[in-house]
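Across the two complexes that follow, chain A remains constant while its partner is chain B and subsequently chain C.
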Partner chain A sequence: MSNLLAHPGALLIAGAVGLIVLRGRVRTAVALIVPLVALYVAWQVPDGIAAQARFLDYEIAPFAGDKLSRLFAIIFAIMVFGGALFALNQTKALELPAAFLYGGSAIGVAFAGDLITVFVFWEIMAIGSTLVVWSAGGRSAYRASLRYLMIHLLGGVLLMAGIAGHVAEFGSIAFGSMTLDSPAHWLILAGFLINAGAPPLSAWLPDAYPEASWSGMVFLSAFTTKTAVYVLLRGFPGTELLLYIGLFMIFYGIVYALLENDMRRILAYSIVNQVGFMVAGVGIGTEMALNGSAAHAFTHIIYKALLLMSAGSVLLMTGKSKCTDLGGLFQSMPLTAACGIIGALSISSFPLTSGFVSKSMISQAAVDEHMLYIWILLAAASAGVFLHAGIKFPWFVFFQKDSGMRPPDPPLNMRLAMLLFSALCIVLGVFPGPLYELLPYEVRFVPYTGAHVVTQLQLLLFSGLAFFVMLNYLRRTPTITLDVDWVYRRLLPPLCAAAASGLSRLGETFSAAASALSSRLVAALHQHHGPEGVLARTWPTGSMALWVMVLLLAYLLFYYL
Partner chain B sequence: MIAPHFPVLQVVLPLLAAPIMVLLRSGRVAWVLATVVSWAALGIALSLLAQVADGSVVSYAIGSWPPPWGIEYRIDRVNAFLLVLVSLIASVVVVYSRASVAAEVPREQHYLFYTMYALCLAGLLGIAATGDGFNLFVFLEISSLSSYVLIALGRDRRALMASYQYLIMGTIGATFIVIGVGLLYLMTGTLNLADMASRLPQVTETRSVLAALAFLTVGISLKLALFPLHLWLPNAYAYAPSAVTAFLAATATKVSVYVLLRFYYSVFGESRVFSALPMGEILLVLSLGAMFIASTVAVFQHDLKRMFAYSSVAQIGYITLGVSLDSATGLTAGIVHLFNHALTKGALFLLLGSFALRLGAVKFENIGGIARVMPVTSFGIVLGGLSLIGIPGTVGFVSKWYLVLAAFDRGAWWLALLIVLSSLLALIYVWRFVEAAYFREPDETVAKLKEAPAEMLVPAWLMVGACIYFGLDTGLTVGGASQAAAELLRSGR
Partner chain C sequence: MMQQHWLTRPGTIRRLWQVFIAVLAATVAAEFFIEHEAHFGIDGSFAFNAWYGFAACAALIIFAKLLGEVLKRPDAYYEEARDE
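Take a look at the complex of A and B:
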């Protein structure tokens, strides 16, 4: 029991309670100190089972550590700290406690030694994250949070059915590596993948996350999908299916991010894209690939949070989030712009940033396994990432046309949070050693070889070239203000534009069909199940009695046959 | 000295208390008496459970006539478990009922209410305790007749109609049961259930026995409100006084499930019902129908009591689903859910009674924002609702877990999926409550309400607490249920 007190997740959840009760400076102190304590505690968790309990008929291990779980717990704790620092001036009182609950349960999953504990924290995480979305306030956030909750509870019940099936089949509750040889494991995988934002239910992520407040989305970007990566790393390493799912996610994210106009939705699609790299790494399944996925989750949490902090600062200071409404903000928000650019460089895996030292491991794993096509696809995707997140986000928000707005940089705590995460991005990029120390397997990989750096730089430069060549062309006619439609029509090849309109039309048709179908379904259900429906109205006694006779005859018939 | 008579005392105490209440004609005295006998019954049931915990069977011959000639009361681990459940619920509800009944039932009828309450309790305990087929029917009638009266005491005038319909349907059910018992008596020449079981193998292939099974199945299905014979239940639960709804929802259908199990496993035997006949498949289909159709109907209800009544029909589906799987795990799941659902629904209907006390009719349109003025009640309903959904840490999760486990044991992973998916329907109707109570602005009537009195909140929260406690510590419930399941499976061999 005393061991449970040293559970960093439990600490954060206790901190959530404190944040609800406390006010003023004490609350600030709790918000900053508790995650740091949790970080320290997570670092100290020993290998092996630290706490045991009995639940149902099983010995469960709610608290067990190894290198992989420590890695995720550490980054989750760092994230809660950075997010809390960033969100200190958030006026929505519920958001920070909800985020602590959310982060604490994510750490709970990371330290879960058995599947039941995974499930329990999984559900708490769904509730915590829903509260984060919901706390933004307003009708559309409320509705989005309900849709979000429904999807996640669906994932939860799939997971629960799978876990029960696993127990029925193998008699063990321990959380170890599984293969797709039984329906139970398929169900577990489906439950995990829903949280990862995998197809066909990827849409929950860009639907719900941008509805959160400017600080809420910073938290949301970190935990749900990365916890899914963690459980996939532990439960399904080397499952080939994941490779294809990951590749699909990568390109889904890129295509939709390129079509998107809202800066935070761009970044939301980009989460799907980045998680796709990690899932693909799990699918490759070699030690190098698994290390790469774990490291990429670690670095991605930092730079994606940084990007969203930068976007959140813009949203807070201007109240706008559409690319078409923004632009030229670098003049008055230099720090936000600089930090956003560091995040953008990291997500594009620019050498000397954290993204480079982690993503190159996944590509290298594909090379080592002689997966040529996979490697080519990953390389092409890297270019795509550079386009949609590396250039598109900072360019349209901070440069581009001058929107005329001159908001100052955000308050001190938010600047500090961005500076902290920018520093982490660069430090990890320059000195990847400590990160590699934390990885589950021994790292035999040197990121900064001439070949790696040159390949990556070539890739980035060439993919950037298109953008910048067109840019120069635009600059020569200064009377033209850069309009987003114009960019789409001229900057991307016509083919891409055709694909874009086709895709969005397809998407509209689908969503129209889906909403028509669902309203018709509800109407049909209501017709039969509604208060006046045949299944719900009060029947005359005679017809009830008739039913009794019908049933009796049916039974007799069945018995005599 | 008195301990050997416990099996019969259990039933006789409330049975004797009833006429005394009528004679004294005082609501207050009647309540005290009802409380005393309920708690005494609970004490006796607990001591009986302790006696049979080692697997022994307590047989009590009424009037010292040895079975099978005399009436035998026969307590094993199956019905001892049920006796504890029924008397526990009765003890909690009776404490609650004083304030609730005072508000919902005219003063001059109070003593009659408690008389009927005691009779109903005697009937339910009698059904559980007896080992005699005809005696079982008698107690079934005692409990049914008294529950018709209890339902008719509801302040809504539609309560009379609901009670009348329940009376007709319940009587048909009871008639079917007595026809079934009669046919078995015809074939075996005995009414003692254990004796009947030992003689049945000689006549098992006859059509009379099959007809007996059919009559019993339909009759008991009516009493336990198995889909599609549940039609009497929603109105009866919706219009009865709150305490009655809670008591009946938590006990009456559960006792009927016990009768079904007793006949299927102890009398006919598992192999005759499930292997030779397609009973498992039929029960499975009906259970799934209950789970999905009744839950969907519940989603669309306007009245909270009706909504939770339909939810009861759905939850009974989970119990019978466990039975239909015809395995030790399935049966354990069914029995554990019988217990767990009794706690959950008991808690929910007691809490709805607090709303009814302050509001009258408990409809969605008039509970907007009620969580602000009645936070304790509202939060209790949320916890009870979580248990209906099956969130870990509540009893609902425990039941669902074993059900899913049983489905996988049979290799029916699709069934496991259906079980967990159906819990999303429960989520929707529980969410409707949360949205109405927490996220809407209270209107003037609601804003003036006060929290329910402690004497109603404490019993209700005891049940809510039990929902959480037994969701974490499953030793007693799952242990008891698996022993009962083993006992039933053994007795059928």
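Take a look at the complex of A and C:
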């Protein structure tokens, strides 16, 4: 039991309760100290099972650690701290506790030693994240949060069915590597992939996340998709299908981000793109690739949060989120712009930033496995990342035309959070050693060689050239781009309404027919058995005596025959 | 009238383009000084990452543009659907 108290996820969930109850400075202290304690505790978790319990007929291991779980728990705890610092001046009281519940349950998944525990924390995560979206307030956020919840409950149902099938088939609930040899494992994979933002249901992510508040989306960007990457790393390493799913996500993210006008939706599509790199790495499945995916999840959480802090600051200070309304903000928000650019360079894997030391391992794994087409697609994708996130985001928000707005940089806590994450992006990029130490396998990769740096610079800078040469094709329009969510937002609702009204008409016809039938039946009964009915009439005693006499006579007659 | 920020002056922008092109040229020139690691053949061609990066981005931009012609809708698309 004492071990459970040392569970960093449980600490954060307890912190969530504290944040609901407390006010003022104590609340601020809890918001900042609890994640740091959780970070320390996560770092100290030993290898092996730290807590065991019996649930139904199963030995569950709700708290088990190894290098991979520690890596994800550590970055989740760092994220909760940075996000909390950024969100200190958020006035929506529910958001921060919901984010702690969300981050705590993500750590719960990372330390889950069995599938039942994975499932329980998986569902808590869905609730926490829905609350984060919902707490933004307003009809549109409410509706988006319901759509989001529906998709994730669907994912949870698939996962639960898969786990039940797995237990029935193999009799074990341990969470280890699986192969796609049984329907149960396909179901588990589908459940995992829904949270990763994989096709065909990627649209939940750019649909729901940008509906959260300026600080809410910072939290949302980190946990759900990266927990999915974690469970894929543990459950399905080397599953070839994931390679193709990952590649699809990469290019889907780029193309949709290029078409998008809302800065936070651009960054949402870019999450799908980045998670695509990680999923593809899991699909390649070598130690180099798995290390690359894990490292990329770690660095991605930091720079994506940084990008969304920058975008969130712009949203808070201007109230605007669309590229068509923004521009020229570098003049009055220099710090926000600079931090946004550092995040943009990191996501593009620029040398000396964190993205460079992680993503290049995935490409290297493709080279090592002699996968020419995969490698060449990954190279195109790296160029495309610079295009859609690396330049497009800072260019349209902070430069391009002058919108005339001159808002100042955001409040101190938000500036500090951005500075902290900017520093992490650069420190990890310059000194990748400590990150490599945390990775699940031994790292045999040197990021900074002359060839790596020069080829990466060529790739990125010429992508930049393409951006500015073709700027006319990239002009922003006040539009959205249709996605699979069109099916459940536009196509199905009228069909369901029509089906419902059709059904209710059918029902009315039936009930009319039924009531006509029953009233005829009642009338018939009434006719024969009612007060005036032939069979229910009151007969005079004389007529009864007469009938009795008739019967007796008949009896006598038959007796003599 | 607000004073124009130095970064937005036409002279500065021209200078930035010059610097940018010089840097591009430098990264290509650096090919001569590094040890080449060609793994597949095609990546050994001269300045592969430069022309490939440019071509890949151009292709992505054009593909996105074409897809946009089919899939773009006005901002209020889903709100209208709700009001009906």
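Everything that follows uses one rule, which is that the second predicted complex is superposed on the first by the 467 of 561 C-alpha atoms of A that agree within 3 Å, B and C clash if a C-alpha of one lies under 4 Å from a C-alpha of the other, contacts with A are read in each partner's own complex, and residues count from 1 in each chain.
The definition used in the following text is that a contact is a pair of C-beta atoms (placed from the backbone, for glycine too) under 8 Å apart; a residue touches a chain by one contact, two chains touch by 3 or more.
Keep in mind the model is a prediction, meaning the values are calculated, not measured.
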Chain B versus chain C as contact partner of A:375, first or second or both or neither: second
Contacts of A:255 with chain B and chain C, given as first, second, both or neither: second
Contacts of A:544 with chain B and chain C, given as first, second, both or neither: first
Chain B versus chain C as contact partner of A:167, first or second or both or neither: first
Chain B versus chain C as contact partner of A:458, first or second or both or neither: second
Touched partner set for A:450, first chain B, second chain C, both or neither: second
Touching partner for A:330 - first (chain B), second (chain C), both, neither: second
Contact residues common to both interfaces of chain A (with chain B and with chain C): none
In the complex with chain C, residue positions of chain A that touch it: 251, 254-255, 258-259, 261, 322, 328, 330-331, 367, 370, 372, 375-376, 379-380, 383-384, 386-387, 402, 406, 450-451, 454-467, 470, 473-474, 477-483, 489-490, 493
Chain B contact footprint on chain A (complex, rising order): 55-57, 116, 119-120, 123, 142, 146, 150, 153-154, 157-158, 160-161, 164-165, 167-169, 183-184, 187, 525-526, 529-531, 533, 535-536, 538-539, 541, 544-545, 547-548, 551-552, 555-556, 558-560
Touching residues on chain C, where the partner in the complex is chain A: 2, 5, 7-8, 20, 23-24, 27-28, 30-31, 33-37, 39-40, 42, 47-54, 56-65, 67-68, 71-75, 77-78, 81
Chain B residues touching chain A - in the complex, by the definition given at the top: 164-165, 168-169, 172-173, 176, 207, 210-211, 213-215, 217-218, 221-222, 228-229, 231-232, 234-235, 277-278, 282, 293, 296-297, 299-302, 310, 391-393, 398, 400-401, 404-405, 407-409, 413, 416-417, 419-421, 423-424, 427, 431, 439, 472, 474, 478
